[in-house]
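Please find one structure pasted underneath; my questions will follow.
Order of writing sets the chain letters: A, B and C. Residues in each chain are counted from 1.
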Amino acid sequence: MNPLIAEAAIIGCKEGLKLALVWYVCRSFFDAYGRPGLMRFFYFGVAVASGLFVLSFFMPHDMAARDTVARLTGYVFFLFFMAAVALMYNRPGKALSGVSGLEPLAVLFATALYFSPDIVGASLFVRELAVLSGQVAGIYFSGAFAFVFLIAFFVLLLAKRPLKGVRRFLGLAELFVFLALLKFLGSGTKGFGEISLVSSVQQGLVKFVHDAAHQSLLFLMVPDHPLLVTTTWNFIGFFFSGPFTAFLALLILAGPMLGYLYVTLTGDIPIPEGMDSGAERRMYRAEKRAFRRRRSVMAGAFALLVFISWYSVGGGRAGATLELPEPRPIVPEAGVVSMDLSGPGFDLMDGRLYKFSVNLEGETVVLLVIRRPDGKLAVTIDACEICPPDEGYGRSAEYVVCVYCMTPIPIETLGMPGGCNPIPLEAEITDSSVLVLMEEIAAKWRFVTSSKSKEGIR
Amino acid sequence: MTAFIEIKDVLKEYGTATALRGVSFAVERGQWCAVVGASGSGKSTMLNIIGGLDSPSSGCVSMDGVDLCALGEDPMARFRRENVGYVFQQSHLVPYLTSVENVMLAQYFHSLTDEDEAREALARVGMDHRLGHRPSQLSGGEQQRVCIARALINSPKVLLADEPTGNLDRENTTLILGLLKRLHTEEHFTIIMVTHDAYVAGWAGRVVTMEDGLIVKDEPSDR
Amino acid sequence: MLFILLRQSFTNQMKAMFLMFLSVAMGTAVSASLVAISLDVQGKVSRELRSFGANITIEPKVEGLAGLAGQRRFLSEEDIPKAKTIFWRHNIIGLTPFLELEALLEVAHSGATSKRKVMGAWFDHSIMLPGESEPFDAGVSSVMPWWEVSGSAPGEGEALVGVSLAQELGIKSGDTVRLMGRDLRVSGTLSTGGAEDGLLVLNLNELQSLSGNEGALTRVMVSALTTPMDEFAYKDPDTMSKVEYEKWYCTGYVTSIAKQLEEVFGGSRVKPIWRVAETEGRVLERLTVLVYLLTLAALVAAALGMSTTLAASVLRRLDEIALMKAVGADRMGISIIFLAETFIIGLAGGLVGYLISLAAAHYIGVEVFGSALDQKGILLPASILSALGISSLAAWLPIRRALMVKPAVVLKEVH
C-alpha cells in the first residue's frame, strides 16, 4: 500500500477517534443532566467545523500555514483550558446553569471552535500528501474520511448507551477540563507544542520589553546602548527562555489544577443540622469526600499529564539519548546577534551543544554553537542544506546527530560546509561573546529555504 | 406486614451435613431474643445467616424490608456494616491494634474514622481507662466490652451476639449482660443473642430453643 | 486508619516485607541495568565494531573475460583525495590504500626462494586535501588500529614480515630478504591475526616503484561514520517516494556512502563490509530483543517471588481478613489494604532497584566497554512504574485469595 495513503488513514483514525470520544462524553453528559436536546447543537457545531475544511484549499501548503494551524490549535486549547479554570473556581459546581436561551448557542459555538483547527489542520495535511505524491487530493480525502467514519461506526457500535455515572465524575468544569485534556493529548507527538505557545508569547514579550525600553530611552534622547549593553538584554532574556519557559508553562497549566485539587481535597465538609448519630455524620462526610474526589479526577489527570509531558519534553530530556537543548531567544542589536560566551547556567566553551533563536523577518532561525575538540568554537545554523530544518541537531555522547535522519556528524568537522553538516556561519569571537551579523544569517538561511541542494539529488 | 427480621424456611447445608432444616422465625423491632440449644443445634449458623455473614442454601432472610439473599457480596457487606453490630464469643479483635484502634477499624470500613467518637463509645462501655491497650493486655470481660463498643459504633439497627459471655466468669458475665440490658431498655436495641447458658438466656425477653437444626420451643422468658 | 494498618503490617512481618522488597528491587535492578545497557550499547558496540576498522572496501572492477583471464586492473592513487570531496566527506574518518602482488622472495641467509604475496601499505602517511589546511592521516593505523608492529615501520629499503611467514622461513628482525632484485632489511614483524600474517609488507610507494606500477592500487579500505542500517536502509531507492528518497539520500547509511565513493573512484567496485555494517544494524536488533526478553524474565521472576511471599502473608492473616469482613469491609476495602502494601513495596523497590542499576550499569560499562554508560533519565520513572506494575501484578492472586475468605467459617475455626 502506498505509505502516503496509510498516513491519510492514520490521521483519519486520529480525528475520528477524537470526534467519537468527545461525542460520546458530551452525549452522556447532556443525557445525565437531562438536556439531551443540546446534542443537536453539538452536531451543528461539528458540521460548521467540517465545512471549514474547504478553507484548507485556499491555504498555501507550506510550513507557515501548518504553523498557523498549529498555533490556532494551541489558542483553542488555551481557551478551553481557561474556561475550565474559570468554571472550576466559580463553584458551586452548577452544571448547565445560566441563561438557558444561550446554552444551545454556547454548545454550537464551543463545538465549532473545538473541532475547526483540527479539521483544517488534518485536511491541510491530507492535501499536502496529495501534492507530495502528485495525485488527486480526492483519493487521500476519501481515504481519511473512510477511516473517520469507520472509527465513528465502531464507537457507535460500542457506545449504544450513554456512559453511566457521568454525573459523578463530570460537572461542567470537569467536562471542560476533559476537553482541554483531549486537545492537549490529541495534538500528537508535536502536541506538547501548546507549551511552546508560552515560548512564542515570551518571544513577543521579550521583544516588546526591549522595544519599549529602547523607544522610551530614545524618546528621552538618552543614548541607551552604552547603558543597556547586549549582555544585559541577554541576561533579561534568560528569564524568558530555556528551563524558565518550561517551568512557567508548567506553572500556568498545572498550577490551577493543583490549586483546585488542594482546595477540594482539603476543604471542610459542613455537616447539616439534624444528624444526631456519629455514624450518620461520618457517612455523610465520607460520601461528600468521595464525591469531591471523583470530581477531582479530571483535574488530577490533567496535572499529571502536564507533568509527564514536561518531564518528557524538558526535564527528562537531559538524560535522554540525544541532548536537545532549548534555544535561547536573542534580540539582535543593530543587526548583530551577540551571544555571551558564558552566563548564568551556561558556558559555550564547555563542549555541550547550545542553541539560540533569532527572529528573521518573522521566521525563527535557530543557531547552533559548540566547542570543537580542537578548542575552536563552531557557529552554525541549526539545519543542513538538505533535511527539513524543524528538528535540527542533537548531541549524543560522541557526535552531533541530525535528528531527522540520525546521521552522526564528527564534531571536529563542525563548521565545515557541505554534507549533512550544519551550515556554518561567519562569526566574530571576542573575549566575552560571539557576534554574528544578521545579514550573514539571512544569507545562509536562504540555503535552507531554497533547498538548492535538494534539487540536485535526483 | 412483615416483621423487622424474618427468616423463612431456611435450609443450610455444609457438604453432607445439614445445619438448619427449614427454620422460620421472626423478631420484632426492639426485642431481645435469646437462642439456646446444644452445640451443633444450628443456633450460630442461624445467627450468621441473619447477620449476612453466611448465606442459606435455600429459603429467604429479610431485615427491615431488605431481602438479604438478593444482595451480592459487596452490597451485603455495605448492608452489614450499616445495620448489624456483631459480638463474638472469642471477642475477635485485631491483636496488634489498641482498643480504640479496633473500634476505629469498624468506623474505617463504614465511612471515616473519628477518634473522639471511638473514645466516647469505649467510655460508654466503661473502657475509657484502657484506650491504648492491646487485646492481649485486656481481660476477657474487657475485650468483650471493646467488642460491644465496636459493634455499636456505626449505630446498627440490630445487635447480634454469639455466646457473648462464653469465656467469662459469672461476675464479668453479669457485667456484660447488664450492659446489653441497658442498651435494650434505654436505647431500644434489637438484640439476638446465642447462648447455651440458661442463666444468660434468662436475661432476654424471649427464648428460642433449637435442636438439631429446628426450632423446638419459642416462648417469652420468665423474667 | 489505613496508615495504622500499614504500619502494623510492616512492623509485624518485617521479614516477609523485606523479602518482597528485595525481589522487586533485584528484579528492577536487573531489568533497569539491562535496559540501560541496551540503550547505550548501540553506540558502544558500533564504536567497538568500528575499531575493527574499515566498513567499506574499494576494489578495481574486474568484468567478464578480463577477470577470467586473470588480467589485473588497478585503482589510481590520484583518486584518493577525491574520497574527501563527496557529499559524505565529513563522515569518512579514515582511509588507507594497499597494493598486493605476488613476487619471488629470497631469504638472504638461507638462500630459500618462494613465490609469496607482497603488500604495499602506507605507514604514518598523511595526505593534503584540496581546500584543507590540516593534513589527513591516511596511514594504515587510521583504519587498522590493531596492526601490531614489533620493531619499526618499514622505511626506504626496509620491509615487515608477517609473523607466520617469519616463522615459516626463519626470518628475524634485522635479516635481509631479496625481492625483485632488491635487498630489503627486515625492520620488524607484523601481527594482525589475519591474512597479513603471511605477507611481506613494504612501504606502498616503494612497492609501486619496484614493481613498476606507479600510482597503482589494488584496494582502498575506508572507515566511515554511518547511521546504523535499519529497515528503511534496505528499501529499494527506485520505489521510494520523493520524501523518502530525500531522506534516504541524506542519511549516512553505509550503502549511500559506498554508492558515492564508487562514483569518484574510476573503474572501481565499492562494497560495504557487511561483517561490520550488518552487525551494526541487524545483530544489534537481535541483541536488543534478547535484552528485552531477559528484562521480562527478570521482572516475571521478581513478580513470582513477591507473589509467593505475599500469598504466605495472606494465609497468615486469614483471621484478620475474616474479622475485617465481619466488621463490614467489602472487597474494595480488603483489596486497598494489600494494594497499598504492594504499592509501598513497589515504590521503594523501584527506587532502590534503580539506584542499584545505576551502580551496576556503571560497573558493566567500565568492565565491558571500558567507559561508563550514559544513564538515561527516563529510566527512573520507567523503573518505578515497572516495579509498581509487577508488584500489583504479583498481588493479584494473593488478593483474590484474601477476597475468598468466608468470615463465618474462619471465625468459627479460631480458638
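The criterion applied here is as follows: a contact is a pair of C-beta atoms (placed from the backbone, for glycine too) under 8 Å apart; a residue touches a chain by one contact, two chains touch by 3 or more.
Only a predicted model underlies this, so the values are computations on that prediction, with no experimental measurement involved.
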Greatest centre-to-centre gap (Cα means) from subunit C is with chain B
Contact tally winner between A-B and B-C is B-C
So, in whole Å, the Cα centroid of subunit A is separated from that of subunit C by 37
Per the C-alpha means, the centres of subunit A and subunit B lie apart by a whole-Å value of 62
Chain-centre distance (mean CA atoms) for subunit B and subunit C, in whole Å, is 71
Residues of subunit B that touch at least two other chains are 82, 107, 110, 154
Multi-partner residues in subunit C (2 or more other chains touched) are none
Subunit B partner, complex, touching residues on subunit C are 1-2, 4-5, 8, 12, 319-320, 323-333, 406-408, 411-412, 414-415
Interface with subunit B, subunit A side, in the complex: residues 277-280, 282-283, 285-287, 289
Counting only contacts in the complex, subunit C reaches subunit A at residues 39, 43, 47, 87-91, 93, 225-227, 241-247, 249-252, 374-379, 381
Given the complex, residues on subunit A that touch subunit C span 3-4, 132-133, 311-312, 315-321, 384, 386-387, 396-399, 404-410, 413, 416, 418-421, 454, 457-458
Interface with subunit A, subunit B side, in the complex: residues 82, 107, 110-112, 114, 117, 120, 153-155
